[in-house]
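Before we start, here is the structure in question, set down as structure tokens.
Chain lettering (A, B, C and D) follows the sequence in which the chains are written, and residue indices restart at 1 in each chain.
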Amino acid sequence: MFKKILIANRGEIAVRVERACREMGIPTVAVYSEVDRHALHVRCADEAVLIGPPPAAESYLVIDKIIAVAKKSGAEAIHPGYGFLAENPRFADRCEKEKIKLIGPSAHAMRTMGSKTVARKTVQAAGVPVVPGTIDPIATEEEVLRIAKEIGFPVMLKATSGGGGKGMRLVREEGELHSALRMAKSEAKSAFSDDSVYLEKYIEQPRHVEIQILGDRHGNYVHLCERECSIQRRHQKVIEESPSVIVTEEMRAAMGKVAIEAARAVKYEGAGTCEFLVDAKRNFYFLEMNTRLQVEHPVTEMVTGIDIVKEQIRIAAGEKISIRQEEIRQTGHAIECRVYAEDPDRNFMPCPGLVTSLRTPGGPGVRDDSGVFEGFEIPIYYDPIISKLVAWGKDRTEAIARMKRALNEYVVTGVKTTIPFHIRVMNNRHFIEGSFDTNFIDKVFFKEEQERRPAHGDVAVITAAIQVFLEERERAIAQKPAGAAGPVSMWKYSTRPGMRKIG
Amino acid sequence: MFKKILIANRGEIAVRVERACREMGIPTVAVYSEVDRHALHVRCADEAVLIGPPPAAESYLVIDKIIAVAKKSGAEAIHPGYGFLAENPRFADRCEKEKIKLIGPSAHAMRTMGSKTVARKTVQAAGVPVVPGTIDPIATEEEVLRIAKEIGFPVMLKATSGGGGKGMRLVREEGELHSALRMAKSEAKSAFSDDSVYLEKYIEQPRHVEIQILGDRHGNYVHLCERECSIQRRHQKVIEESPSVIVTEEMRAAMGKVAIEAARAVKYEGAGTCEFLVDAKRNFYFLEMNTRLQVEHPVTEMVTGIDIVKEQIRIAAGEKISIRQEEIRQTGHAIECRVYAEDPDRNFMPCPGLVTSLRTPGGPGVRDDSGVFEGFEIPIYYDPIISKLVAWGKDRTEAIARMKRALNEYVVTGVKTTIPFHIRVMNNRHFIEGSFDTNFIDKVFFKEEQERRPAHGDVAVITAAIQVFLEERERAIAQKPAGAAGPVSMWKYSTRPGMRKIG
Amino acid sequence: MNYIGTIGEKEVKVGVREVGVARYTVTIDGQEHQVDAHQVQSSVWSILYEDASFEVDVQGKNEEFEVLIAGDCYKFSLMNEQRKAMMRSGGKGAVGKAMVTSPMPGKVVKLLVNEGEEVKADQGVVVVEAMKMENELKSNIAGKVKEIFVKEGEVVESGAKLLLVE
Amino acid sequence: MNYIGTIGEKEVKVGVREVGVARYTVTIDGQEHQVDAHQVQSSVWSILYEDASFEVDVQGKNEEFEVLIAGDCYKFSLMNEQRKAMMRSGGKGAVGKAMVTSPMPGKVVKLLVNEGEEVKADQGVVVVEAMKMENELKSNIAGKVKEIFVKEGEVVESGAKLLLVE
């Protein structure tokens, strides 16, 4: 086993990795930027080294600095967490060159899976279903029509050089194809100076289901069942769960099998995730493979009892995977809510700042993976994640009830958070029934929320009024000359209207 | 199901019960004394009613007040938690009379199990093994000798009216009996004015193992396996775990069976616990039955996945137990450490006071059942429990490693706590090996601790010195006339030696 | 003490009287409420209102409140009665003026308008970046950009004045 | 600044110099230590000492310290050098005097000695109850009970003077 591990990350995920190391008895080295001296990952590590100014590009992303700290401290391995350098094949190359073990897959696996087209070709060759269509541009309208008929309508036209939805056209039936193609080409031309397009089957009501896998260098692979991550806001996962309500026992086995095939195709080592889209008929299609620890790994840990980070570390040290496929079982149900310092009532605008009070939920079935503490100043430079709150229940109903209960206990003041948003989702009928797809939050939830009338407006006004009352009295006492008494004078207000701030 | 439940308790256990109710969608009524207005159980309840002055005898223990609040608020049931009124048959009688369901067993079951002699006779009749011996006083030395030979040496002579160890004599062999009996009788005579003694088999190296059971009014009983609670300080449990390292599969089945027989003997309804002593040869003997929720119930919840409080509530509402015996399985290992506001370095003296900072541990496998928050003032009137920290691991080794990691993360300042004590126990070789009995803490652990030399004295002195340095500078700046500079003057000290406080 | 609350378009009269230790009688449009109120953590209040227990997080700045109860956010303004009356008579000049302020600490990455330019209500006027996300801030009202207080690239605090639309 | 630390029977010389923002050179009996020290929560310090990271909880009153690191409690006293010197010469009178104070808020349930009574070192002198537990407080030194400051039944604060043994 490694004598020391450097953690090339910050925040909750650095703390998560430190916890695994601490439990395994492996000393850790934290790195931190100038703004992170007080951060939890520095306090929870055995060693901590300053690596530069706050912007990640000058600290957490600087390969030379990370390597230098690893060598000086004698760390034999580096855990990259997620984000920052986690899927950077140049970093993997460098670690290999410096003979420091990067806890993750090879640079080759990262490169293969990091390219959408190479990944698609690789897994397709391994027998993994991908969204039907072409990747290479299609020359003629005849060919477009032929392929569209082959894979079946509806189809999506996409600009080869595209991105951000430009040059994309949904074609529901043959009759729409001609004009849609013309428009897609012209849009692509003006946006990317390249009018070539390709074709993909359009997945209606898609759900995002992913399979967690583990692979070791001895050729062993297991999957740890699925996670459903369809609750997304602007294509960003916000709530994840395991199991998925739409995955049957057969589907789980089939998806697990192809995920392992995808991993085997790149001799995958460590923990990785195959993401799939699932359509309304429960067909599943490979989307991409994430070659790192996922943010949402705790839901899998809670239903399987397996510590994924410890497995990563053991595998990186050359050990075999510690569990066999037939021993892996999903027990109960787990849900994760990502708690961000964002204002859900202002379009999820980031709200960095000082955490003035904090009360973490606890009790049965509740896990909190946090990166903050009362008195911590959430910096403006990084991902505004505060914590990941996970609830386990014997079934989905209990897990939702627990999550709602835990969210209601969670007190974070000083910064706005997404906790209220999550409470509202847990109360949403469609979410409770499990009937949603990846468009749920943006297309359904917000609309329904606008109709809702919250019940405790009177208590809100009463409390604010009492606070104003006490503040005014305090100010009045402070302004009064010593010994003076009597009612509070409003005189100061009326003579200085110019001082009034504009709300 | 009940429309509303009153919780006749405070602190962590009241919060625990409120959590179960909240997850079941049942509104709760908290009661609180004048000193508990800010307490967590008031903040987490749906309703809260003041019931009197701080001393429990004037608030939490006043049956009339509790009943009055239940009737006024429309609560259909009362959960007593543990302690206070939890095992008071008069309270059970009163609830029955008022047609309010007490969540717990009948007054009859409480009375039977509440009396040591009646309980012993009742369970013995049901085939439950008890510590061999007599309960009734023995008249003659001949009879003492006969019985001692029958049950086998060593035996313990105990004063019938005894308590607190007075009038107790260990007799290892026949030759010691005569003088031991004389001394026991004379001690008993002078201490209790009653020289009658009785005889019990002396259990060497006893371990405390208990069985959690559930019973419903339909005659169904299950046991939720065992907990080991041998880590005690002055006969008070401080660390509990499940499973027990000494309990084999056969023993578990046998103990579970007799625990159910004991429960059946009193038509036990709800959650209860049969406590046993286990000797070095793994013979087990009934000790007593606790007719309430135990402090240490979370370790059972973590290994079985069953929410015991929810089961209590469902059973009280007349439902059947929701699980069958064959579905109950211990998965992994759980350990609980009771975190008290006590000073382990001053003989566990209680340390009520203000919690000035708090950081709750989190991450995988960690559960915290707390009754406090940062800024809470722990009152002097009640049990000084802060929280129960529980760690789950796939095996005992992982559970211990997690617990140690979590304890090290736990920050509570302003009051002294037992966290450091628990860290030291988790590091103790005997504890790690599982070789201990109920005398471990008082007889072995403290002795070994005195030999240990902690490693970071230099860091302690360095940090304190920096703090003193900064405080002195701050004081110097505050005392200096505006604009003055130069080194801090010591003048004030030397001219006013009388002001110096004596440490 | 009397206050005027403005909730959406609606105005309510709010009166507060202290009637005991941490006990208040609060009147909303004539209806009396008996309340037991304790500030238990920073901005968090524990409220007992007809025995019902609420945890209430009150965030308020410049008489504008955002109050969180059980995941719902209530927004309203609350103003001392005298002050409201004063605003009504003398404060008219303020109507039609709107300061765009930064709702968070961050960096001004782009100004979308110039001084003197006409803007529509809800038009984006400046982009502030924080935590890897760009946020377009909008003008609440239609009008002319009267003054710009920041430069592109400038780091600003939460609440900093960015520009004034009139 | 220089201090004298007393750890058990042993005395050490401790020097503190500020060498940068939150950086200090601390000398213990001549050996220099470079330390980066930040107070992160109430009495909790985050210490980086030769890159090693420690969380240190410093509880100190009247120059007596109890410092918690990783579950170990270090007790010692730390005193300004000048003050120590002053005590050594002029402060001799203090030797042989010991105030018994209440280590917690609670109720005095029993006085075990009377004024003027002789007590042995480690003899229990007063019982204070808190949280359902009775705690017998002892005299650190042998001597005579000079003064008793409390009555039975009295409720006392943490740190309250109970009696003086001389």
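Methods note: contacts are C-beta pairs under 8 Å (C-beta built on N, C-alpha and C of every residue); 3 or more make two chains touch, one makes a residue touch a chain.
Just so it is clear, the structure is predicted and the values come from calculations on it, not from any experiment.
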Comparison of B-C and A-C (more C-beta pairs in contact): A-C
What is the distance, in whole Å, between the centres of chain B and chain D, each centre taken as the mean of its C-alpha atoms? 31
Cα centroid separation, chain C vs chain D, in Å, comes to 49
Touching two or more other chains in chain A are residues 44, 357, 359, 373-375, 408, 411
Residues of chain D whose C-beta touches two or more other chains: 41, 55
Which word fits how the chains touch one another: line, ring, star, complete or other? other
Touching pairs of chains in this structure are A-B, A-C, A-D, B-C, B-D
Can you list the chain A residues touching chain C in their complex? 341, 343-346, 349-353, 356-357, 359, 380-384, 407-408, 411, 413-414, 416, 419-420, 422-424, 427, 454-469, 472, 488, 490, 493-494, 497, 500-503
In their shared complex, at which residues does chain C touch chain A? 1, 3, 5, 7, 12, 14, 16, 18, 24, 26, 28, 33, 35, 37, 39, 41-45, 47, 49, 54-60, 62-78, 80, 82-83, 86-87, 90-91, 94, 97-99, 103-107, 130-133, 135, 158
For the complex, give me every residue of chain D touching chain A. 22, 36, 38, 40-41, 46, 48, 51-53, 55
Can you list the chain B residues touching chain A in their complex? 15-16, 19-20, 22-25, 44, 298, 301, 305-307, 331-332, 357-360, 362-370, 373-375, 387, 394, 398, 401-402, 404-405, 408-409, 411
Residues of chain A touching chain D in the complex: 29-30, 37-38, 42-49, 73, 373-375
